[in-house]
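Note that chain A is present in both complexes that follow, paired respectively with chain B and with chain C.
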Partner chain A sequence: MSLGTDVESSDALVTGDASTRELVSGGLVALSFASFAVGLLALFQYLPADTPVAGTTVSTLLGGVLTLVGAGTVALGAASYGDLLETSPGHTGGLASAAFVGLLWFGVGGLVAAQTLGLSLLWPVVALAVGGVAAAVALVAREDLGITLSAGLFVLLSGLVVLTGAVGPGWQWDPSTLSIVVTGLVGVPVIALFAGLIGAWTTARVYGGFGAQGRQTGAYVLVGTNAAGMLALLASVVGFIAVRGFAPMTEGIKYGLFWGPWTWFNPPLVDTWVVVEGPILWFYWPFVMEGYSTTGGGIDGILPAIVGTFWLVVGAVLFAVPLGVGAAVFLTEYAEQGRFTFLVEISTNGLWSTPSIVYGLFGLAFLVPRLGNTNSILAGQLVLGFMLLPLVVITARESLKSVPDEYRDASAALGVSKWETIKSVVLPASLPGVITGIILGIGRIAGETAPILLVTTSSPFPSEVAGVIEGGFRFTSAFPFVAVPDINLVQSSSALPYQLFAVIGAGLGENIDFAWGTALVLLLVVMSFYAVGVTSRVYFRRKLNQ
Partner chain B sequence: MSETHATGTDEQTVPDTETDTDPAARTTAGETSERTREEWVEYAFEGEAKLAVEDLNVHYGDDHALKDVSIDIPRESVTALIGPSGCGKSTFLRCLNRMNDRISGARVDGSVELDGEEIYQDDVDLVELRKRVGMVFQAPNPFPKSIRDNISYGPRKHGEINTGLVARLLGRDDQDQEDELVRRSLEKAALWDEVSDRLDDNALGLSGGQQQRLCIARCLAVDPEVILMDEPASALDPIATSKIEDLIEELAEDYTVVVVTHNMQQAARISDQTAVFLTGGELVEYDDTGKIFENPESQRVEDYITGKFG
Partner chain C sequence: MSVATRFAGLDRNTRVVSGVGTVLLTLTILSFLVAPALTGYLALAFAVFVGGAYLVDEENTARFLLFVTTTSTVLILAFITVYLLLNAFPVVREMGLYLLVGSDPFWNTGSNVYSLVPMVWGTLVTTIIATLVAAPLGVAGAVFISEIAPGWAREVVKPAVEMLAGIPSIVYGFIGFTLLNQFMQQELSLPTFGSLFVTGVVIGVMALPTVVSVGEDAIASVPDAMKNGAGALGATDWQTTTSVTLPAAFSGVSAAVLLGVGRAVGETMAATVILGNVTDLPDPLIDVFGNTITLTSLIASQYGAASGLQFSALFAAGVVLFVTVMGFSVGSQLIERRMQSRLGGEQ
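And then the complex of A and B:
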């Protein structure tokens, strides 16, 4: 609030001190940014717009801040125009900025005309007129006046609308032409976000003193706020799931040293899969160590789905990576670059964007009847492998192409054959790029539901893990002294995304915690695949460069 | 004055020569331009030629990049190829170890004999040819591997050195030979003292000049007879350049060195004989370096060397 008095205090302004301008406009940038941040929090219901704060509500506070920013912007512009501030404005606000504010006011004019004034057919005329005037002001007037007036008034108007409660928490907008109802709990945050962004941009231009420096500062703040907003958005999505999934996921975890309830480790299901039994350390995490409890006792777990996803991803990668990299090597290093490689490139791009349900249908119609006529992990691995293949080919080709020809020349000049060169120089140099492609692909296939639903799953709530490795490695008395486990891939299994889908399909009422927990585990599993990929990429890149 | 300049800054030697021979030499040159090109490029030296090139023509698609080049290159000496950009000197160099085979659309006609053996026949073993005729490129291009692996790469791929797990298990580990080879190659390339304590570091961490000497060492490691260098110092600073130049002169004691350069002072400093290519892919004159720079037969070569053309 002290910033407000700074603006009004004519003494500080009259001195024309550049630092005053920076102080005031800097404060306004900070306020705009705060409005943006609070708007984001309010939108995601972390801080709903009707939350009471210090005798008033978040909504009113946002309105006040925006009014202050808007008024301050206009005042700063006027002060600059009246040569009270040291600025170096251009003679015009610039075409791009004018178009931007024109569009802004076009929207405002249109909304007010159509919704508030109720003009049914005339609203485009009003919108065009308002937008045109704003754009003209920004374009024709000197930069300091044009920009602050057109953008500042927008922020001021937004602030006043919220401050006066014209759009408050209780406000509701039910446009007849659209089948949505916008409440104030959404409307106020959206206004705060938008006006905050505009306010930050405009006041940053004042901060830079208009002109080239002002445009630079304005763009920096605009892009920076955008980036911060985007990151916050992503964090909100992940946080939304994490907050809801954390409790169900971690329910019933028991751990300890040396002593503990040994009975915990008696369930044979756990016994065969997780080596946690020991005199030193014990650890029990029911949600990821147990199957779905059919008896209703204890905590329902998703171990079968985790194991299913693991096998599916491993199988798909083992299938697609050698094939894809091999194809990429042939296409890049051996094949004549021409119509054929161009066609292959086009079709691999097309295959990569083919919807997964189409792959799933192919798997169901072609693979399943030929692989034991049952839904199976193997069919799922192959279908996911087909989906992964184009991406591996595309990224491996790109990274092979980016290996400098100097390496190939140097190797050839030493009398080394082409294949040896590819094996010892080209492929190692392209490995980081290839791994990046595989990481991206895993991210997609690990979360794929549709094909799994068609070719792999049977029971929506499995209590048993698919026994892919039967028996395990063990030593025997007869030659060759090691018993290799039977690998049984032709059996159905669950997978995490499918498990989630099944829970939602079964009705969320009773299972909502289970669903959130599953979602969080799916996120963590995908992230751990990512972590493996990123680590190996970093390792190989370092090996190449150090 | 002219004595110091002749050995030192050649930049000034050239104008000196010009004033010495002008105008008499100019008229001579004008007269000799009546002579056929074959007479200019005929260059007599003692001993047999290491490389004998006869009527070499190179086409890139419709572009006639090299026209009827005939040249004999003597063994254990430095031959410089000079000329303006795009005159075909690099193309010519890449013909000598058939690197042009790697360019699609390139067609080479004519004959190149290495110790009397034709290298442009169907049954030539390219691996063997490139082992005998090594190459160093314009930009330093070490592999993104350790210094040691860069040196031993060629011999290892040719099966002359076996290291690694399998070789160790089979009891055929040649670690000692490898160490010896790495040391010898780096010493010959005058790089050993600078890198002997970090042989397992990545070669990309070296400076440009060191990288280029590493490339020379890598080339020496496969024990070539001829070393082709394509503007080996053009991407380097003056100090690194002078190190490379010293190295080239040393190498000429054991190897036949053919070096392309667009730096005439460099050619004058390091080479025993110089071939001048001019625009259009012609070999215009080939003679002792001293003769080329002091008293060229051809008016065009003189114009080029004195900076009037090119």
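And then the complex of A and C:
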């Protein structure tokens, strides 16, 4: 019992001030993030800045919150400087932070001088002076005073500007050198976004008690926000397309269960047909099972584009995978580090970063004239194969390198030849990594538009599927008595990414739903390759580390 | 050692396989250049020869075949270079330096006057904006994944960044075209459809995953011993990151940024769709909300109607692109190589 009291009292003694600081600054961090989030909503007009809220507007509310955060930051800094709070400030705010706030105030000074005061030539001087003073304050003064003053005052100023309506819903700014007009509906949210982030950074530093710990907390808040932003970006892109595209993609789906004939035959010696009946599942999905309707009625579909993408991917994989894996094997197993491998590495990485439109130009100049002088699937397959090749080489090489040398040594010790070892030991061991790389590469080339735009496509809205395989295996009366299907790759075709480009080019007006649907199908196809690739990589890496 | 003496040093089977194989393959490729109709037969001959050789001498044939596949990347790169240059040659001969320093009129198909100035300017502006977006955010993302994130957050963010890399460029372009361009016109009263600013931001977002992934690899390759040393001296995690890890990984991180910039320079579809693609400079020049054209979108928007000198001018744009991006690629590789040898040496 007495022990418990002891601990409580000592806790209270040591952390009394710290907990006040954490409570206040934590609250201010939350308020800053709130204004950041509201600013984001306001910027994209989900919650316009002039929306009335509880007798006032979102804009005034944001201004009030930012003023509170700014004033609170300065007050916390002053309290820390007066030793009212338990902090461990450094003797300077740090060079990076000083440069950061200096840049901030440089911007403020420049904008005010050039736009509000109308100094056409003198503004850089004012901006430099303001920025310099802010940076100097942050650098020279003790950390708790310098940082809270330079950054807190920025937040306070932003808040006051918005609160007093100096930049309010009715405000307008028409810069002479830019062809835009900034209204308050955009200006207020932008200020809220900026000041919210700065406020969160500064108050997080207070939360950490300044010093090294405070800097860490402040930096982590910014870096964490950035990571959350990337997640939000992915979610919003995918979500937006899923929401807009789902209805057009699934329009007109019909399915049903019927009782019907499965097969029928005429047994020998019986003069009757035997019909076997059973349940038949019937499924009709017009958006992916039809072409673009030529009659005008009916639902426009993208089957030709899907089939085109399928052939392009198949061809590119058949071309690039043997070459790429072979090159990777030679580089890791046979070649010695030297000028040749250096050259191959440079060109592989060079191919990796060559812009896709350059591949398209190359295909247009080199392949198309030699392959029937027409835009063709074959040319597209080869060009996409060229693009896939460096990806396969790089990933296959990495995965071959990760095969332990013990495997090769053990095999060699058994007297197995080198090629036999590669075939039966090294390649199987590296297979998961190689396949993962191929899957990710497919995801990338399946979404490529620029090269196939130049070498494969012709009609923007095809209603017919490109007939790559005509006829089937069949017996004939003439020599050699079997006919193989005609494979015709030298013909133009559509593809999923091109289909989306074609809709945009043709004007979205009445085709907007068709475009969203196409975008969703394209995203689903590409993303499923990526999802499989990324998951299998995580899975095999974990298995390897066990 | 000359090729001949090297060749003589090999055993007989190797000599036969690689000699005849190389001749047949060279003939195949040459025939594709001059007489594509013959290529099929020569390729068949090569396949038959290699098949037979594989039955006789597996080991040497396999080695030869693997060597052939290895040369493919070099060959393709060489062909791309040669054919771009060949096709760009006419316009270079005709226009000379005007291509790079020309003034108004920049691009006139009627009087056959071509200058790449607006395109280079457009590419420059969009790339700078994209770099301002992708470099800080990308490096921060890389630091987050490799240094800061707790296990669960890394498991979420890393695959998410990889998925982000998978979103096709035309989808970004579509979103920029329908949503962002509209936003700029409605909320910012932008008079024209499309602007360099939106294009740059979208391209920056697209280059972001490249910077994150490559940068993360670079940061992760800093030996733990260095970080532990800083920790043992009482540095906080963030101090370790800023004063030990990032300086050690600096060259790798800058290579990541260079690769990201290269991606941004070559990005085609987003620029084609979002920009207005007018072959003039924005007025005034620094109007980032103005409209012009980039090297990539020039090719994508004009290839269909182009012929003669205009067609050649598109290839000149391709050459400028190709040379720039190759410069970034080679530069980042040299930097990375330096980093590897340095960190490898300290271990």
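Throughout what follows, the second predicted complex is superposed on the first by the 399 of 546 C-alpha atoms of A that agree within 3 Å, B and C clash if a C-alpha of one lies under 4 Å from a C-alpha of the other, contacts with A are read in each partner's own complex, and residues count from 1 in each chain.
Note that in this section contacts are C-beta pairs under 8 Å (C-beta built on N, C-alpha and C of every residue); 3 or more make two chains touch, one makes a residue touch a chain.
Predicted model, so just to flag it, every value in this text is computed and none were measured.
K.L.:
Once the structures are superposed on A, label A:P355 by its partner contacts, choosing first (chain B), second (chain C), both or neither.
P.N.:
second
K.L.:
Taking the superposition on A as described, I'd like to know which of chain B and chain C A:E143 touches: first, second, both or neither.
P.N.:
neither
K.L.:
Which touches a greater number of chain A residues, chain B or chain C?
P.N.:
C
K.L.:
So in the superposed three-chain picture, is A:A410 touching just chain B, just chain C, both, or none of them (first/second/both/neither)?
P.N.:
A:A410: touches chain B, not chain C.
K.L.:
Quick check for you: in the superposed arrangement, does A:V425 touch first (chain B), second (chain C), both or neither?
P.N.:
It touches chain B, and chain C stays clear.
K.L.:
Go through the superposed model and pick first if A:E290 touches only chain B, second if only chain C, both, or neither.
P.N.:
neither
K.L.:
Both chain B and chain C touch chain A; at which residues?
P.N.:
Shared contact residues on chain A (touching chain B in one complex, chain C in the other): 417, 420.
K.L.:
Chain A touches which residues of chain B in the complex?
P.N.:
97, 99, 102, 104, 126-131, 134-135, 137, 139, 141-144, 153-154, 157-158, 201-202, 204-205, 215, 218-219, 222
K.L.:
Which of the residues in chain A come into contact with chain B in the complex?
P.N.:
For chain A paired with chain B, touching residues are 336, 404, 406-417, 420, 424-425, 428-429, 543-546.
K.L.:
Name, in rising order, each residue of chain C that touches chain A in their complex.
P.N.:
Checking each residue of chain C against chain A gives 32-33, 36, 58-59, 62-63, 65-74, 76-77, 79-80, 83-84, 86-87, 137, 140-141, 143-145, 148-149, 153, 155-157, 159-175, 177-179, 183-184, 187-192, 195, 205, 208, 212, 235-239, 242, 259, 262-263, 265-269, 272-273, 284, 286-290, 296, 299-300, 303, 314-315, 318, 321-322, 325-326, 328-330, 333.
K.L.:
Contact residues on chain A for chain C in the complex?
P.N.:
44-45, 96, 177-183, 185-186, 212-213, 215-216, 219-220, 222-224, 226-227, 229-231, 233-234, 237-238, 240-241, 322-327, 329-331, 333-335, 343-362, 364-366, 370-371, 386, 389-390, 393, 417-420, 422, 440, 443-444, 446-450, 453-454, 497, 500-501, 504, 508, 512, 515, 519, 522-523, 526-527, 529-531, 534-535, 538
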